[in-house]
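In the two complexes below, chain A is the common chain; its partner is chain B in one and chain C in the other.
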Partner chain A sequence: MVRAILLILAVVFLAAAPFFGDAVMIQYGIDALLFATLAQAWNILGGFTGYASFGNSAFYGLGTYGTAIAMAQLHLPFWVGLSLGAFLAVLCAVVIGLPILRLRGHYFAIATLGLSATLAAIISNLDISGRNIGLILPLTRNDVGFYEEALALLVASTLTVMWIAKSRFGMGLIAIREDEDAAQVMGINTTFYKVVALMLSAFFTAIAGGIHAYWITFIDPASAFDLSLNVRMVIMAMFGGPGTVLGPVVGSFILSAVYDALARSISTAAALLFGMVIVLAVIFMPRGLWDLGHGLRQVGWRYFLQNIRLHRL
Partner chain B sequence: MSAGAQPMLEARGLTRRFHGLYAVNDVSFTLQPGEILGLIGPNGAGKTTLINLISGTLFADQGELIFEDRRIERLHPYQRAHIGIGRTFQVMKPFPRLSVLENVTVGALFGFGGGERNRDKAREQARALLEFTGLDRRMDQNADQLGGPDRKRLELAKALAMRPKLLLLDEVMAGLNHVEVDEVVTIIKKIRDSGVTILVIEHVMRAIRSLSDRIIVLHHGEKIAEGLPDTVLADARVVEAYLGKRRA
Partner chain C sequence: MLFAQIMVNGLLLGGLYGLMALGMALVWGVLNIVNLAHGAVVMLGGYCVYFLFTGAGIDPFAALPIAMVVMFALGYLLQRYVLNLIIRSAQLNTLLITFGLDVVLTYLAQLAFSADFRAINPSYAGANLTWMGVTIPLVRLGAFVTALILAGLLWALLQRTRLGRAIRATAQNLVAARLYGVNPAQLYAVTFGLGAALAGAAGGLYGMVSQVTPYVGAALTAKSFVITIMGGLENPFGILLGGVFIGIAEALAAIYIGPTFTDAISFGLLLLILVARPARSLRGA
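== the complex of A and B ==
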């Protein structure tokens, strides 16, 4: 109950923030909200079932291009574009998910690695998507609007994860992560559960791509299907706490802030320092911020020693 | 065996090879409703593989499996769970970072008939089973913090929570002391009395003798004996399979 009130207050605060901030702050805000959504979407499959997807940047690209094609080429409204992008991404999730989600663990991750590059190659050769030059969307100068849309999407994805964490469906996903053989013989249709999780993940990822496309107005295959974006989703979700409701959101807010602060003060070394933050985080809190909070309350500073001992080679 | 009675499970010519080695070779048997069938044999005889074939964890290369009156050898493991087949794993498979209660709740949420849809009701069923298996004091601990005997009990509780009609038990008494073995024997008898048919793999002879209505013996993947416990355990080939192994 207290938690619910605090969460509602946090959302109200975030929603009101752009009316007090300057233009640059709002732009940082849009980026941070979209990144948090991407981390949360990745969390649905990656955090709950333990299947690390590197195909989410492909869903992002499909959302981007679905929106861009609808608006720039077919002159349809934004929401039709978002729907088209989401439809393409969810369809892609089913088509690739059914065969490759039968692969276990690492094999799945490897099988998804090529998806972005493949789709980028296809898109680069289609007239309707502007080949390798890209597309320009109609210009709208309404950053507060984009900010509120991004916030609404983050809230929607987080409410979905909240439902998953409490539902029978989510229990099935967690059982798959903990032991897939046991999950199967206990009556869980594991392939079906994983595919549905991937579809949900693809849906939110694609909408985030669509909002981003309309906001920056210019897209091309290389930036829309960018595998390094997928790597950032993984890092943010893992940093915050995979398989938790708020971990990926808080984690990505913190990392976005750290990255922006570093980039502003010492632009050349920012990437290096950011990398070091990640390395230290993996060593000292391999299960993310959420587990860190738990551990500190239970065993104090010994938590770090335990992790080092547990995970050294 | 009463003539005309519909078996709970019938296996016909089940065969499974691994790289040319026959782990289970042309094995046939029936299991009557309400029966406890003991499955024994030296290490590597193919007992676990046979259970894997029945639960669907592995597919058979050849042979038929009839559960109640339907063929099941092509069904997926989750489909076999839904029609009432539950099992434990010899190499135990707890959900390590879930609490004991949550572990068992998963069985109730899925399992027979697709399981209980309501998570609170499922948790209540799980709680009752933890009491039944003597795990209620460990309820809130994570499964990876349990000791060996409690892990065995957890395997049993998880399978029971699925409300199976046929329960396949793979060495649930291994590593238990005398007192604990007697407790589990009592529990298994109670499960049978509640109407569950049971196939039990066990090395503890005292337990298998007191539990089983009939026993089948596997050796090098083949069924070498079948019958009443006293008869089978006195059979020269069975004695040789065990002792020959030990002397070698």
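== the complex of A and C ==
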């Protein structure tokens, strides 16, 4: 109960923030909120089932291009574009998900990687998507509006994850993560569960892509299907705590803040530090901030050595 | 004639691709790590040869062994003191840590060497052989032959030496290998070092047929990965064949479909193979 009130207060605070902050802060805010949504969306499949998707950048690209094609080429309103993008991404999740969710481990990760590379190449050869040059969307100067949309999307995705974590569906996903064969024996339709998780993940990712496209007003294949974006989703979710409700959100807020603060001073050093954070996090706190909090309370600083002790050669 | 020329181009480039993938396949097969920093090591090998050539005036082909030794040392240290710490954790974690290493190596290279394009241009860079109307660039032929020789050496090392037997034994069964006196921490480091040395050689050759920037790593990692899946993890020559297959497919696609489609072709093939032949990929996972 206390937690729920605190969460609502946090959302109200975030919703009110743009009316007090300056323009630059709002832009950072939109970016951070969209990233948090992407991390949360990745968490639905990656965190709960343990299937590490590198194809979320494909869903992001489809959402981006769905919105852009609808608005720039067909002159339809924004919400139609968003729905088109989300529809394309969810459709792609079903069609592609059925064959490639049979793959496990590295093979799944790489097949999804292939998916976004292939889609990027196809999009950059189609006339309707503006080929390599990209598309320009109608300009709207309403950063506060975009901020609130991004926040609403983040809240929606987090509520979805909250429901998943408590539901029978979520238990099924966790069972798949812990032991897929056992889950199947228990009567879980693993294919159905995984595909639904992928669809949910694709849906939120595509909407985030659409909002970002309309906000930034210019898209091209390289930025829409940017693989490093997908990697950032994974890192943010893993840093915060995969398979938890708030971990990915908190993790991505922290990493976004660190990254932006560093990028403002020296851009190369920011990327370099980002890489180091990944390496150190995997070695010392592989289960994320959420688990770190519990671990520190239980065993103190020795928590940091636990992972090495368990997994070294 | 055009067709024959395309096939030769693809074949020669494919040999180099194959060499690039060899190191990744070795590490994957023995350590069960998909090394996302592989392309970054290839890139560093390219810089190594570039600076040995421009700075010390050593012929790039003669500089290859030196670059290989340097990269072996780098790979050995990385595995011994970083990757060995978490080698037994979940696959996603080893994937992530090698990605982190990739980022670190890429941006260190950018700080140290700047983002300029560097090409290794020895005096014979423009020389060609012409055989039955097909033009064969000498450097590419040299790269192809070097790839063959290194694949042969790797095969001999794995099949004919004590170290090779230890590596193969460890890949099959770590516990049993341990009982026979293999020190896995050491052996893993050596294997990773060998993979890095092969990557270093591939990088030097890549710098001769193309250009090196700090950012080429990711694309080369992806390509190596595709080839590794196609060639399988068992046989070095299978990997070379996978490389040649991709090289020819890309060369054909570039001419007959359009150069912007080359990436789509190799990844599309990968998707098809993974989906059509899941048995193999399921077994390895």
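Note that the second predicted complex is superposed on the first by the 311 of 313 C-alpha atoms of A that agree within 3 Å, B and C clash if a C-alpha of one lies under 4 Å from a C-alpha of the other, contacts with A are read in each partner's own complex, and residues count from 1 in each chain.
Assume a contact is a pair of C-beta atoms (placed from the backbone, for glycine too) under 8 Å apart; a residue touches a chain by one contact, two chains touch by 3 or more.
Everything numeric in this text was worked out from a predicted model, so none of it was measured.
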Winner by number of chain A residues touched, once chain B and chain C are compared
C
Just chain B (first), just chain C (second), both, or neither: which does A:Gln184 touch?
first
Both chain B and chain C touch chain A at residues none
The chain C residues in contact with chain A across the complex are 34, 82, 84-93, 95-97, 99-104, 106-108, 110-111, 184-185, 188, 218, 222, 225-226, 229, 258, 260-261, 263-264, 267-268, 270-271, 274-275, 278, 281-282, 284-285
Using the touch definition up top, name the residues of chain A that touch chain C in the complex.
46, 50, 52, 99-100, 102-107, 109-111, 113-115, 117-118, 120-122, 124-125, 132, 227, 231, 234-235, 238, 268-269, 271-272, 274-279, 282-283, 286, 307-308, 310-313
Across the complex, what residues on chain B touch chain A?
55-57, 76-78, 80-82, 86-87, 89, 93-98, 102, 105-107, 109-112, 114-115, 117, 119, 122, 158, 162
What residues of chain A sit close enough to touch chain B in their complex?
166-168, 171-172, 174-175, 178-179, 181-190
